[in-house]
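Since the structure comes first, as structure tokens, the remarks are kept for the end.
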Amino acid sequence: SSILSGSNNNSDGKGKTISYLSDRGDSKQVINEIIGEFEKNHDYKVNVTYTSKGTSTDQQLQKMVAAGNPPDLIFDTSADAYRYQRDGDLAAISNVVQDSELPDPVNVDGESYFAPTMVEPLMFWYRNDLYSSNPESWSKWETEAKQVSQSHNIKGFVTQSGQTNNADTQITQYLWQNDVEIYNGPSDNIQVTIDDGANRRKAVETYQWLKTMSQYSPNGSGWEWGDAIEALQQENAAAIASVGGLPILTIAENRPDLVEKLSPSPYPHPEGTKRSKWWAYMEGHVVRNDGKATEGAKAFADFFSKSDKFMDFVLSAPLFQFPPTRKGLNSEAVKNNETIQNHPAVMKLVKENWDSFSTILATGKDGAPNIVAADAYGQQLLGQSADQLLVGGKSPEQTVDWVAKQLRGLKN
Amino acid sequence: MATSSKGAGSFVSQKRQQQIKRVGVYTTAILVSIFVTIPVYIMLLLAFQPPEVVFSGGQVNLIPQILSFQNFNELLTTTKTVRYMTNSIIVTGSSMVLSTSIAVTAGYGLTRFDFRGKSLTARAVLFSYMFSPIVLAIPLYVLFYTAGLLNSYFALTLSLTAISTPFAIWLMWQYFQTIPISLEESAWVRGASRWRTVRDVVLPVARPGYISAAIFSFAVAWNDFTMARVVMSSDNMYTITVGASLFLDRVSVGWSETMAVSFLMCIPPFLIALFLQNYLLQGFSVGGLE
Amino acid sequence: MLPILYALNMSLFSNPTQEAAFVGLANYTELLSSPDFWSFLWNSVVYALSTTILSLLVGLGLALVVNQRIKGRSILRTMMIFPYLIPTLVVIFLWKFILDPNVGILNQVLVDAGLLAQPIGFFSSLKWAMAGVVVTSVWKFGSFSFFILLARLQAIDPDLYERARVEGATTWQAFRDITFPHLRGAILIILLVRGIWMFNKFDIIWLSTNGGPLNTTTTLPIRVYQLAFNEVNFGGATALAGIMFFLLAIVATVYFRVFNPSEEVGA
Amino acid sequence: MAKSIHLTDVRKVFKSGGKEFEAIDNLSLDIPAGSFTTIVGPSGCGKTTTLRMLAGLETPTSGQIHFGEEEVTNLRPQERNIAMVFQSIALYPHMSVRENIGYGLKIAGVSQAKRNESIEEAARTLQITDQLDKKPAELSGGQQQRVALGSAFVQNPDVLLLDEPMSDLDAKLKAELRVEVQRLHQELDTTIVYVTHDQTEAMTMSDNVVLLNEGSLEQFDPPKTLFDYPTSEYVARFIGTPSTNVLECRIEIIDGVPAVTGHGLEIPLPNQDLSAFTGDDIKIGIRPQYLSLGTGDHSVEATVEVVEPLGTESVVHARTLDDTRLDIVSAAADDLAPGESIAASFDKDHLYFFDADGATQLFGEELTENQSQAQWGSEQ
Amino acid sequence: MAKSIHLTDVRKVFKSGGKEFEAIDNLSLDIPAGSFTTIVGPSGCGKTTTLRMLAGLETPTSGQIHFGEEEVTNLRPQERNIAMVFQSIALYPHMSVRENIGYGLKIAGVSQAKRNESIEEAARTLQITDQLDKKPAELSGGQQQRVALGSAFVQNPDVLLLDEPMSDLDAKLKAELRVEVQRLHQELDTTIVYVTHDQTEAMTMSDNVVLLNEGSLEQFDPPKTLFDYPTSEYVARFIGTPSTNVLECRIEIIDGVPAVTGHGLEIPLPNQDLSAFTGDDIKIGIRPQYLSLGTGDHSVEATVEVVEPLGTESVVHARTLDDTRLDIVSAAADDLAPGESIAASFDKDHLYFFDADGATQLFGEELTENQSQAQWGSEQ
């Protein structure tokens, strides 16, 4: 770039530069390699703008759109993808998705709009030296957490709450574990059902359980994923919820001695429920229809998914990100990854539960895309509901009423 | 005619007041040292030790065990930290110089020249600080995009200068009013032009004033995240705040690398503080304090 | 000023970054009729006032201390300017590492010393969150008034203090009658500008508490951010920014009327 | 090149806290090129203001100022080739004494070496060679003043303005520097305007003296004329120390001849036409130096209040019978005690006669010489 | 309560740019309680420094200062009950004149109403009533000085220190204020130490005069003693204007009697034992006021250089045949022209005799009186 005059994407030749917005700065190296190969084979240049995690992608996107300079390709979550689609901003990439074995979470009227590149499932981690066994069920978690809290100088559990993504995902997952149907209805007529009949009872039950568990937890309001991991690392808590093997990655660096004391576990569930939905983030590519190199962006999304570097991309954070397909999961690349080999239990969990992995988007009737849920996640309403319960002192019933009201407010 | 009891009306004796003052002065000094030093100490502690040493045993070990550059090595090999730092230094330096110069010039003008609506203009300038900068990102981006100025040092320098200048001008305006005009007059009658007078007489005397302005503009520019995010969209042009925020939320980045990059981000501020400090001490101040 | 007008214009539309529909003042009326608005406004006022006044006091105290002839004042001075110069990002790292319930060394030390039964999550408790962000803000911004006031202090003719001492003035009286009048203009401006900035301050709170828990640290700018980027309601966000702007403008106008901070001590 | 200075109807009004204050009121003056003019007057009468207008540091509210033919009323100080020593001294705190003195030369582009030469010469003259490397804050009051003076010495202006440049110096040094200033005046081709409170300075150095009274011109004359032929009681009282004694009398016709009476005096004014004042009050003025102790042709009785010994002479402060102050300078007053009654006599040649408004109507010497003085026009 | 002041071996060394500078050198003084002491001396001799040590604004490098019995060497200014007028005036720029004057009273806790009374009285005395509401920057130099003086007037200190408080005032006002200061001194029970360059002030106001010479005490005596019986050539030259004339002579034995010769003079010193000086150089001093034009018993020939008219008298600057400067004050010098040859005669009673080191060995009046003066001890 020149020092004095900025480079304007317009001037690079019309439609020949693909403007690519990505928050995957972590994998910058692999991405650059893939881009290099793409540029060799295609008459396009790819110009990446990296953003940090969180809302900064939204922010950058809004700026670019407002200036009439929207990106062609965005790396984003399926929920956001659906939101853009609803706004009419996306170009269909059915050929990229449907020709492959990729899941197709944003399919509207038969056209696919989202090319998944990775899956990040939620998971629990507990101290196998303090917990006498893998608790799994609500009641066992409760007894174990209680025992740990009382007999060791450590909290047995972490209940996270507040306006954060992790609190929101966790609360959602807890509700799912008790078969609470938060929403129902087809994509164009989503109903909030969390306070209907049996759902209400089960939701109250769930919040009640959370409240119980919070006795054995530090105040986790506003905690990010990293905060919970630190609680584990600093031995302030004996069990946390997290995404995939994320805790292992951090703790291996800071407390290598602790790694083998950690075991993964599925989310706690009340006795007798079937495990129907398992939260997994899904991230991938969307192509906007108002950019200057829409065709190039489609080509790049396709090239990316099929690139032989694709696995390198996914495995740049092993145990945390997983390939989007079962085939990928079983691939040699995954098998040969050293980190994954060291933690077979994680892989086992993922494989066993692969079919129940679900995104927040797919919570309409029969997994139809649910825009209300996507928005609720955007504002972390369920995370906030836990704050109402644990920090604000609302009863479980009041909490359910509160969250139902908020969700309905979104709908309108 | 008057009472002879000096210091009446105060309940505490002179000596006592003096003692209180000394105790106060030293307590404050010590508290401040502790207050400032502790975070800095912790930063160094983490930055210069491998994480497993700091965190071993489930506690943050507050006594350093070994000296290691592992965290820096990690930073320098896997990230563009050097490039980001360079960018930051370039824009911060230029913005600081530009803003301070404008502030000195405008501040002097406001002090020594009379024109209509002078204080009104000056006040109006402060009003620009009242609009929440959060929502300005989008309008600014649109403007820069339209002007074709994205991704340039020039545009970022200009924007940062625009942020720091209004207050810097205020500072200088206020400061110049403390300089006796007779000093300038005595230069004028010797034939020194206005500019020459400013250079030879006003600026040396106004040193503490423009150093404040420089410190302020430095802080604005070095601290900036929003503007850099608006103007720069290419990896090579990111400043350290933006660049660091890109890799700091990586899953594998822990406190140690964070503190290492923090340490790097603290070096220029430290040098600036040290340099301006010495510069401030050189010579004198109007009252001949030092 | 162009961006401000642009933003104010956007506040009149429902979804200005995409396809914009003109809604007039609807964004404004909607915001003002929400009960949350007033609690956020209250938070903003508490945060802005407490940080502004505390940092002024801290800065003033430091400036007075460093203006004394004491040993090591030059090192002190360097140390005091330092926090203001380092990026907020780093400040947050440092303070998180101190106040954090898990890695935070303050908790660690207090617990080890037996003063605390268990760590406090300063940024996640209803009681401490606001105090936590205020302390962090004051740590960073205390030196802002410090270096400005120090510069002004050095410009005071030492003869005046000598005369006051001869006339029997105590340290306090000399401060009240000489130092303060000379600093008055600067103090008033610092209060005003710092107040405006703190009222609009976003990053420190966002990075440390996200506005939580239970919105106890949600100030108007945090709300603006949420509106703009979480709820993708840019029209609402700019409208709220507009409301804040008008509030500040009114306060500032009154402030100028009452205090006239540009009136200076003649040299 | 020395230039003449002309002030035409110059007024200067200051605004202070909403009120207007007239510092200079319709001042007209013509100062010849190359002359040495002293401005004197009571504190606050507008001397500094006048000088500052000449320097271009204040703009007259109305009226014009010319240097030679050129109008300079609105010219900036830099555009007038002047030098000035400020009453407030105004040294640059950050420069050494050497740099302070040499700054004007530096501005003029004089080389370092030449500058040093001039500076050192000036410092020698001013006896501050030892102080050259100090900063102003380290100097005594008088040393500071000499530095200010030094910076004027080294320059070569058309007009040199000096505002009480020696007020903080001791008499001995002052006397020496007076000579130096005069030498400088002769060497440099420059017009000097000099403000002072020291009458010795005014009397000895200047070609002309301007006496101001609350912003207006009271008298503008060579020093000796000012002293010997004051145009008013105000001038007579202001010039000369101790102040001229003034006694209130009346004009009466005694034996068909007008005579001044009062305080036991009877001074016939045979051939003067003061008939217009007959029956009126008139004031006579006599300098303390012209009063001698003891009776004589004309003498006044008084009571001693204080005797101030001044070294070779003493000042006797006394009061006449009707309580008017009467000062007498005498070399033989050492043995007078307060309360003692004395007589003070004078020669009527030394009298001034003022009318009720204070304007001088007659000088004593006219009584004998019976001819009008060429040096002075009878103003008013 | 007025307090006596005692300085014992006080030294003050300034460090400036690495170099040491001895401003005061072993100064010992005993100033009686309630007295009025004037400090005089050439510019830079340490007057201000001495005053500042008395005020507690500088700490002596060594030596002690006592106020009465109490040692105050290291006391802070607030702990000494003093008032001071600074040479640099030091007005508070942000306070009105009224507030400036009243500040000390306010500190002392005097009520607003009482303060105003005192302020207005002082302002009347100082003729600045009209300026009370102005800010210092709006005042003329002399007005500022009067404000500073005013703030000292209203206080009631044990010790009142005044550093050239009237240098910027005109002679007339000075004369009036001198009286006021003395009145104040009598009213208030206070010890005054007064620094001045004005010899009239020193001579007329003070009980004692301290003459400093480069930081050391030269003479400490009542003014008249100082004037009439200077202990050294330095004192004789410094006190009195114009400066005392000094002529270099020798002692020779003429007709068996020691006599001073030189410059055509022959002054026999019959009954004085100056034999120790026989053949040596000796200097005689004579004040210009004691020289009269024309020949007499003892006269010196000289050539006129300049005649400075001072009003009632003139100063004749002349040079003797061997080029020594000779000043004569005379009331009858108006018609002397430069270059003219004159004779100046004197009465040997008025002579001072200094040895080669400048110490006074003999006063002329001793020649006739033949008795030693009680007032002065022959120092050295």
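We call the chains A, B, C, D and E, going by the order they appear; numbering starts again at 1 in every chain.
Criterion: a residue touches a chain if its C-beta (ideal position, glycine included) is under 8 Å from a C-beta of that chain, and two chains touch if they have at least 3 such contacts.
No experiment lies behind these values; they were computed from the predicted model shown.
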Item checked: Neighbouring chains shared between chain B and chain E, ordered by label -> C, D
Item checked: Most centrally placed chain - per-chain CA mean versus overall CA mean -> B
Notebook entry, point to check: Which pairing of chains gives the most C-beta pairs in contact?
Noted result: B-C
Next item on the list: Would you mind checking which chain's C-alpha centre is most distant from the centre of chain E?
Entry: A
Checklist line | Distance between the centres, which are taken as Cα means, of chain C and chain A, whole angstrom | finding: 35
Note to self: Report the inter-centroid distance (CA atoms only) between chain D and chain E in whole Å.
What the structure shows: 23
Checklist line | Chain centre separation in whole Å, for chain D relative to chain B (CA means) | finding: 56
Note to self: Using Cα averages as centroids, what's the distance between chain C and chain D in whole Å?
What the structure shows: 61
Next item on the list: Send over the residues of chain C in touch with two or more other chains.
Entry: 17, 103, 157, 159, 167-170, 173, 182, 225, 228, 234, 265-267
Item checked: Overlap residues in chain D, where contacts from two or more other chains coincide -> 88, 135
Notebook entry, point to check: Could you say which residues in chain A touch two or more other chains, in rising order?
Noted result: 59, 62, 66, 233-234
Item checked: Residue ranges of chain D touching chain B (in the complex, touch as defined) -> 55-57, 76-78, 81-84, 86, 88, 90-94, 103-104, 107-108, 135, 137, 151, 155, 161
Check: Considering the complex alone, what residue numbers of chain B touch chain D?
Finding: 180, 182-183, 185-194, 196, 200-201, 204-205, 283-284, 286, 288
Checklist line | Footprint of chain B on chain A - complex, ascending | finding: 1-8, 11, 25-26, 28, 47-54, 56, 59-60, 62-64, 66-69, 233-235, 246, 249-250, 253-257, 317, 320
Notebook entry, point to check: For the complex, which residues does chain C have touching chain B?
Noted result: 1-4, 6-7, 10, 17, 61-62, 65, 67-68, 70, 72, 74, 76-90, 93-95, 97-98, 103, 105, 108, 139, 144, 147-148, 150-152, 154-159, 167-173, 182, 185-186, 189, 192-193, 196-197, 200, 202-203, 220-221, 224-225, 228, 234, 237-238, 240-241, 244-245, 248-249, 252, 256, 262, 264-267
Next item on the list: Would you mind writing out the residues of chain B in touch with chain A in their complex?
Entry: 51-52, 54-56, 58-60, 137-139, 141-142, 144-146, 148-155, 229-231, 233-237, 242, 245-252, 254-256
